[in-house]
Amino acid sequence: MQRSYTLAEIAERLGLKLGDEADGSLPIYGVNTLEDAGPNELSFLSNPKYAPQLDTTRAGAVIVEPKQAGRVKNALLADNSYLAFARVLHLFAKPQGEFSGQSPLAFIHPDARLEEGVTVYPFAFIGPRTTVGAGSIIFPGCYIGEDCALGPGCLIYPNAVLMAGTKLGRGTIIQPGAVLGSDGFGFVPGEKGIEKIPQIGTVSLGENVEIGANTTVDRAALGSTVIGDGSKLDNLVQIGHNVRIGKFCLLAGQSGISGSTRLGDRVILAGQAGLSGHLKVGSGAVIGPQSGLARNVNDGEVLGGSPSMPRSEFLRSSVLIPRLPELHSRIRKLEKALEALASKEE
Amino acid sequence: MQRSYTLAEIAERLGLKLGDEADGSLPIYGVNTLEDAGPNELSFLSNPKYAPQLDTTRAGAVIVEPKQAGRVKNALLADNSYLAFARVLHLFAKPQGEFSGQSPLAFIHPDARLEEGVTVYPFAFIGPRTTVGAGSIIFPGCYIGEDCALGPGCLIYPNAVLMAGTKLGRGTIIQPGAVLGSDGFGFVPGEKGIEKIPQIGTVSLGENVEIGANTTVDRAALGSTVIGDGSKLDNLVQIGHNVRIGKFCLLAGQSGISGSTRLGDRVILAGQAGLSGHLKVGSGAVIGPQSGLARNVNDGEVLGGSPSMPRSEFLRSSVLIPRLPELHSRIRKLEKALEALASKEE
Amino acid sequence: MQRSYTLAEIAERLGLKLGDEADGSLPIYGVNTLEDAGPNELSFLSNPKYAPQLDTTRAGAVIVEPKQAGRVKNALLADNSYLAFARVLHLFAKPQGEFSGQSPLAFIHPDARLEEGVTVYPFAFIGPRTTVGAGSIIFPGCYIGEDCALGPGCLIYPNAVLMAGTKLGRGTIIQPGAVLGSDGFGFVPGEKGIEKIPQIGTVSLGENVEIGANTTVDRAALGSTVIGDGSKLDNLVQIGHNVRIGKFCLLAGQSGISGSTRLGDRVILAGQAGLSGHLKVGSGAVIGPQSGLARNVNDGEVLGGSPSMPRSEFLRSSVLIPRLPELHSRIRKLEKALEALASKEE
């Protein structure tokens, strides 16, 4: 991969306009924050809070939105400077790993089917009847059980586990140590204590899904646990059996969803949020950090607190919690005053 | 494993009664929900809420409790239909993995002792003096350190880690990526900052225990961290050093127990519940979702909230939290009214 | 390693004083609690609460502080008995694993550079241009990507993952299954849904850091995610991209820190605490269990609750939460009484 570009090349590749005074021949070797960038690095301004840094930055060039164009000599103009910056990063990002081909130190079952250009690192295991789409990369220590189906362009980072029957759409990324298809937590009291309910379903992920490091997604009891196209899960997230997640949802670190709950599209769970089982959460809903959800949620609702409540209520009520001792003493004072008044009345 | 049965065969294997009008010769190829089952699938009704689905289901046969017997032609009668269904699932569940024998790509220390019929997949590591009971299966990428003892019939799923000295009873299941016997979190302030307290104990699990994916159980500082027979831990659960868990406990996803806390039997922790260290939790206690426990708990107590309180109190008080702004303004109003009254009095 | 010592040898090695009546020739084979220790085991008394056990313990010898010297025949005297005990444990602790050398079953890239006395177990992977310091031990199933730099004396336990460019200082310990350098959770809305922001930074850990089992530390978007010398992270902790943690911090199990938050030195996070992104937490601050932090914190502040508040406020206010129904009824009573009074007035 080419690792340096002129400013003009970057503009052309991303469809951005060069600022009027910009020197298109400037070589750019990397990207950095306004604070840390050097004279051959490209930076960006997105949050207007940081605009004063335009006066002090040593960055060789800066991606800005048109209204800031005049403030920077070597400007690249973008309507959405943050998005443009994200795309520039792809030019400079070095992919993980340098291996290609299929290592003789991997175990690839003879009945697995690997399409063109699949990379399999040492110590990866691929089971029978599993198919891996073109260009996918399986890192060391991954376990991909039997009857899995991976679309093209998937990245399965080290020590990820895909149990039997797991399906991944095109371009899906599994961060290290994530587990897909572990048994759901299903037990029933019997005469001999607690009996396991066999979990005979699977896990099915759409296209361009991303699963965070050490995140766990349980197989369904029956049918499938489903994560829709473009949804992104952070690290250490727990997804129970038979959960269904729509498209373009964002689940932050350490959030968890109990069995059979269903999320619409573009739902956001903040960090450490927890959802009970068998709920329906409408599209566009937002569940705040550490919020505990035990009821259905309408489209677009924004909730916080545990148990959860509308976020506006949460903000107003949570500031009163530290004031409870004061409220308590005001109640006592009122009681005494009223008693005094009442005794006077008599 | 046989994968289809007649209805009569299923009845016989599980000791269930065929309904009066049932066709015992009906071939059953699988199991499914009332909503999704087809004409050669068996379903079940447990929750009466779903009874109306008996009229619309396409299921070939249904496990019902005697009181619903008249509503289904091909009925299997069970006193506990959910338990019966769980057992039927065992007939149709396909175990993970198809390998048998001991892979030449595994590392099995010459001083390890494997009983009859043990399966060891490629890239598994088994250390010296470790014993593995008959019929146990060790999946790829597992690490089983020295001096471990696994009972018969254990399932150690991919990339699970059992550090030195870990003991597992008969039939215990370790889901992928779980870690048993990592060092407990023990440190002491010294002149050079923080010093590590060596953790020289071990982890000991009873029979029929199940440990969820990426769950972690720390070795004891001294002695053993213990999980009793039949207890089940969900994914991403954290068990601190020297914790002792009784029999038939259920710990839901992302719950955590700090060091040296002891649980009786049949204790339930809901998702994301957190227990402080050095507590005693009595048998049959239930700790609600996201509840934070910092005190001892009597047998059978049911707690919720953070800090935890009796669940009944939690239900009554938590509905008032969103109403704090209203309560606050009522207090202010009272104060003003009283002031007005008092000034009138003067 | 020698595994038994006379009491006099232990005193000498640790610079402790033998009690006046102590028998220095007593052979000590191990260490244990006062409750469980036998006649050839050494125990300790730190918490005065347990002092009565000095009368009943069967321990062969006990480490005590000078004020308790008279109560024990075979005493070892230490100003800080707990610290002394921690150090004694090092004499008896058996390190994990017995392998040495570099296994032919490992994959070590020819361009990796391993210093003297490095141990690499089977099924470990070490990428190109990575350096491993003298005496470090890499357990089975570890993945160490390209361009990593490990100081001397590191312990990388089974199935840990270090993605490209990760740096570890001298003596750092990575517990099993931990992941360093997974992609940060960075996404930006685009026309095609949600676009990934490439994460081109790295992870950098100081000396004597310890990372718990299945804990995850994301690589920075730009620059480095940093954990300072001597900081210790428990199991299942989540560290977001560009977080910076100072020296000698202690982060308990299942705590989490969102992107770009900075911790000073000696900060303590209790279990399941959660910190929002872009915060500054001063040195010596303490964040309580399950606390949710969404604001900056001064040096030495002690917080609890979610949202967090000063711990003293949290203690006073949280006891009032179960009493909210009572406070509510007292408000109603006041309202009625006042109404009655007011109507009388008229």
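Labels for the chains are A, B and C, by order of writing; each one numbers its residues from 1.
The rule is simple: contacts are C-beta pairs under 8 Å (C-beta built on N, C-alpha and C of every residue); 3 or more make two chains touch, one makes a residue touch a chain.
The shown structure was predicted, so the numbers you read here are calculated from the model rather than taken from an experiment.
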Proportion of interface numbers common to chain B and chain C (over half same, under half different): different
Considering chain A as a copy of chain B, what rotation angle in degrees (nearest 5) results from a C-alpha superposition of the former onto the latter? 120
Averaged over CA atoms, how far is the centre of chain B from the centre of chain C? Could you give it in whole Å? 26
Hunt down the residues of chain C that sit against at least two other chains at once, touch-wise. 123, 141, 159, 177, 214, 236, 254, 272, 290, 306, 321, 323, 327, 331, 334, 338, 341
What residues on chain C touch chain A, complex-wise? 107, 123, 125, 127-128, 141, 143, 145-146, 159, 161, 163-164, 177, 179, 182-183, 185-190, 193-200, 214, 216, 218, 222-223, 236, 238, 240, 254, 256, 258, 272, 274, 276, 290, 292, 294, 305-307, 309-310, 313-314, 316-317, 320-321, 323, 327, 330-331, 334, 337-338, 341, 344
Residues of chain C that touch chain B when the two form their complex: 31-33, 36, 82-83, 85-87, 89-90, 92-94, 96-98, 103, 105, 121-123, 139-141, 157-159, 173, 175-177, 208, 210, 212-214, 229-230, 232, 234-236, 247-248, 250, 252-254, 271-272, 289-290, 306, 318, 321-325, 327-328, 331, 334-335, 338, 341-342, 345
